[in-house]
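I have placed the structure first, in the form of structure tokens, so that the comments after it can refer back to it.
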Amino acid sequence: MLSVTDLEKVYEGGERALRGVSFEIAANDIVAIIGPSGAGKSTLIECINRLTEPTSGTVQLDGTELTALSSRELRRARREIGMVFQEYALVERLTAMENVLSGRLGYVSSWRAFRRKFPSEDIQRAYATLDRVGLAGHEDDRVDELSGGQRQRVGIARAVLQQPKIILADEPTSSLDPETSRAVLELLTEIAAEEKIPVTINIHEVPLARAHADRIIGLSDGRIVFDGLPDDLDERAMDTIYRNGSTEETGGDDRQPRHFEAQID
Amino acid sequence: MSTLEYEEYSSEWTRPTVFYNRWVKRLVYLAVAVFIAWNVWAARISAERLQYGIGQVDFLFGAMWPPDFGISVSGGELVTGRRFSRIVEKMLETLAMSIVATVVGVLVSLPVAVMAAENLAPRPVYYVARAIITVTRSIHELIVGIVFVIGFGFGAFAGVLALVSATPGFFAKLLAEDLEDIDQSRLDAIRATGAGPLGVILYGVVPQVLPRMIGLTIYRWDINLRASTILGIVGAGGIGATLNTAFNTYEYDFGAAVLLVIIAVVVVGEVVSSWARGRVQ
Amino acid sequence: MTAADDTAPGEWERFDTKRRLLRFGLVLVVLGATVASWRALDVRYVYIETAPENIADLFGRMYPPDAAYAGEIVDPMIQTINIAVIGTVLALLLAAPVAYISARNTTPNRATHALGTVIVAGSRSIHSLIWGLVFVIVFGTGVLAGILAVAFRSIGFIAKLLSEEIEEIDAAATEAIRATGGSELDVLIYGILPQIKPALAGISVYRWDINVREATITGFVGAGGIGVELQNSIGAFRWDAVLTILIAILIVVVASESISAYVRRKVR
């Protein structure tokens, strides 16, 4: 279980990206975090595994307080947090297999990693995961030879190979076309369900969030302004998230929500 | 925890190699390793020599410090001595050598560059120009310098000749590459007006590569300045002679001063050169 | 040329005149510097008049090359290659950490970055022959001084190019390795190294190729290699032997350049 309490982040320039964010994620939940650009979605995801250091507040994963760990302990904790990035964040000059196996780097010695000598179970799992994400036979392809959708599948496989307690996905579909986005998100949520890994997805496209998430958190200006089931995400809620507006303003104006509906196609 | 059925998958994977296969890869790595090992063996560096040298470092630094620029303070006034005027005089000579060598070298290299451009020169001429470039690139300017110094007894003139002789290998080579990239249609337009080959070069080619030519000239001056500081070591003029003499006569404090001045001039030359090239492009 | 594009039509004329004046002034300065330099060098015109004749005469004395001498220069030539190879390998070992601290994205702090910059600038602005002079004083004459001279000159070159390469790597990929729980060493060997490997190979063989040329002259200050032999032959006016050496140098340099070009083409 992931629990985030009173998370605050103030960047060096003084920009307040997170203003007291608290939520909990129970096992197997697929949670989508939505919100306009600049709402703090990416900061929130990065603060969870401390790729960005939060200014205050706590993050706990299965009882371990991540925010209190030393850098060595943090490395150990990160092994159990899978991450899928928006620009894939793969080592382009390495093969798909090497990128997938990099999910095990926290468990093998650097010398073995250097010689690419991973335990046979890791290799078997890597083959199986590549097969599962639809990339069987592509293990020896260099990542820079793969398409965007294929790269993100490698990214998902890398996260899955960590056998993590949670997967954090930071805008995993933002570099993909709509059709590929849908397919990749479907794959991510399916695998998560099969493997019983909770996933927190930070996502721009509301329709995709509605279609795949069990729960939606709406972030606006560094605060949680909505937290509920996809069905509860009505026009008023959308307005609160995206226009920072109060409820009364929604009244006669039905143009804006339609704009978001249009993104379904 | 995982439901993935992984046991049926292969438990082995080896990284594909850019070589034809793993054995070729190992062979290439082995060959490189053996080659380096052979080099180390053939160089026969003895441990005593290394040890001796490391002991000498201390001595050398002690003898070099403080560097003596030939400037002293007496009665609140700066007094410049013989060493100071020697540095100034030789540094000016170095600078003069670099400038003359650049101008003459570029003038000599321009026709070679045109001859070495595949699209402008007939085949036999092209091959002659390429040969000139290869030879002038391969023979270090210092070798040319020493030949002229001992062959003719020239001083700074030998240095200038050496730098000039090394210029085509750099200037003509790079300029020829740009000449090969020029826009042919503009040349055809000028040919259509009835211009001869010289006219084509002057009105069609030069305007297209002029900024590059100026940039390369400045760059070459920077290189010539660096080279001018050492040509004196073989007697071909410039401050290198002062440095060599200082070290040979155990005047290490003076040598250190000369060395620092050389570094300063080279760094300033590089800054000026990169600034000027930035302005041209 | 571009003046017309970025100024208003009314100002065009004036601006162009100003530009022209500036250009004219620059040409004058360059001409003046050239003339002043020429006069400072105090070259005797007799030299220039007789130079072509002298050079032709010298080539006449060089030709034909002394073929019998070829056997004697094998050893010094091997020394030259030794200097270039070991010098480059040593420079690589020393330059790798310098590159790491010189690159803005990997350097631990500002002080280390400054240190890296100073090492790069210092190494690059001292010619290998000067390094040779210094190392001959320290280690005595011979190959060792040559190796160190070539190595110390190469550190700055390699470290500069390598650090530029490190600065261009994809930061997201290294961040991802940190996110899987990899150590900084894992980041280096799994994230950074694969990204700079082709450049590393290219830079090494390129510098080796330059160093072969450098190692032909280290002998002039007693730092080993074919330069020692060359200096002796020139000093003894054995011009036919000099030509033999020059041809040998040409062959070795052209061969190493071809190898270097081949490897650089392959590792892209």
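Letters are used for the chains, namely A, B and C, taken in the order the chains are written, and counting of residues starts over at 1 for each.
Please note the rule applied: contacts are C-beta pairs under 8 Å (C-beta built on N, C-alpha and C of every residue); 3 or more make two chains touch, one makes a residue touch a chain.
The structure displayed is predicted, hence computed values, not measured ones.
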By mean Cα position, the chain sitting nearest the middle: C
Per Cα centroids, the chain farthest from chain C: A
Two chains sharing the most C-beta contacts: B-C
Distance from chain C to chain A - Cα centre to Cα centre, in angstrom: 48
Approximate Å spacing (C-alpha centroids) for the pair chain B, chain C: 6
Inter-centroid spacing, chain B versus chain A (mean Cα positions, whole Å): 52
Chain A: positions in contact with at least two other chains: 98
Chain B-touching residues of chain C, taken from the complex the two chains share: 30, 33-34, 36-38, 40-41, 43-44, 47, 51, 54, 58, 78-79, 81-83, 85-86, 89, 121-122, 125-127, 129-130, 133-135, 137-140, 142-144, 147, 213-214, 216-217, 220-221, 227, 230-231, 234-235, 237, 242, 246, 249-250, 253-254, 257, 266
Contacting residues of chain C [partner chain A, same complex]: 170, 172-173, 175-183, 185-186, 189-191, 194-195, 197-198
Residues on chain A engaged by chain B in the complex (per definition of touch): 95, 97-98, 116, 118, 120-121, 123-129, 131-132, 139-140, 163, 194-196
Chain A to chain C touching residues, read off their complex: 49, 51, 75-83, 85, 87-94, 98, 102-107, 110, 113-114, 158, 162
Chain B residues touching chain A - in the complex, by the definition given at the top: 1-7, 9-16
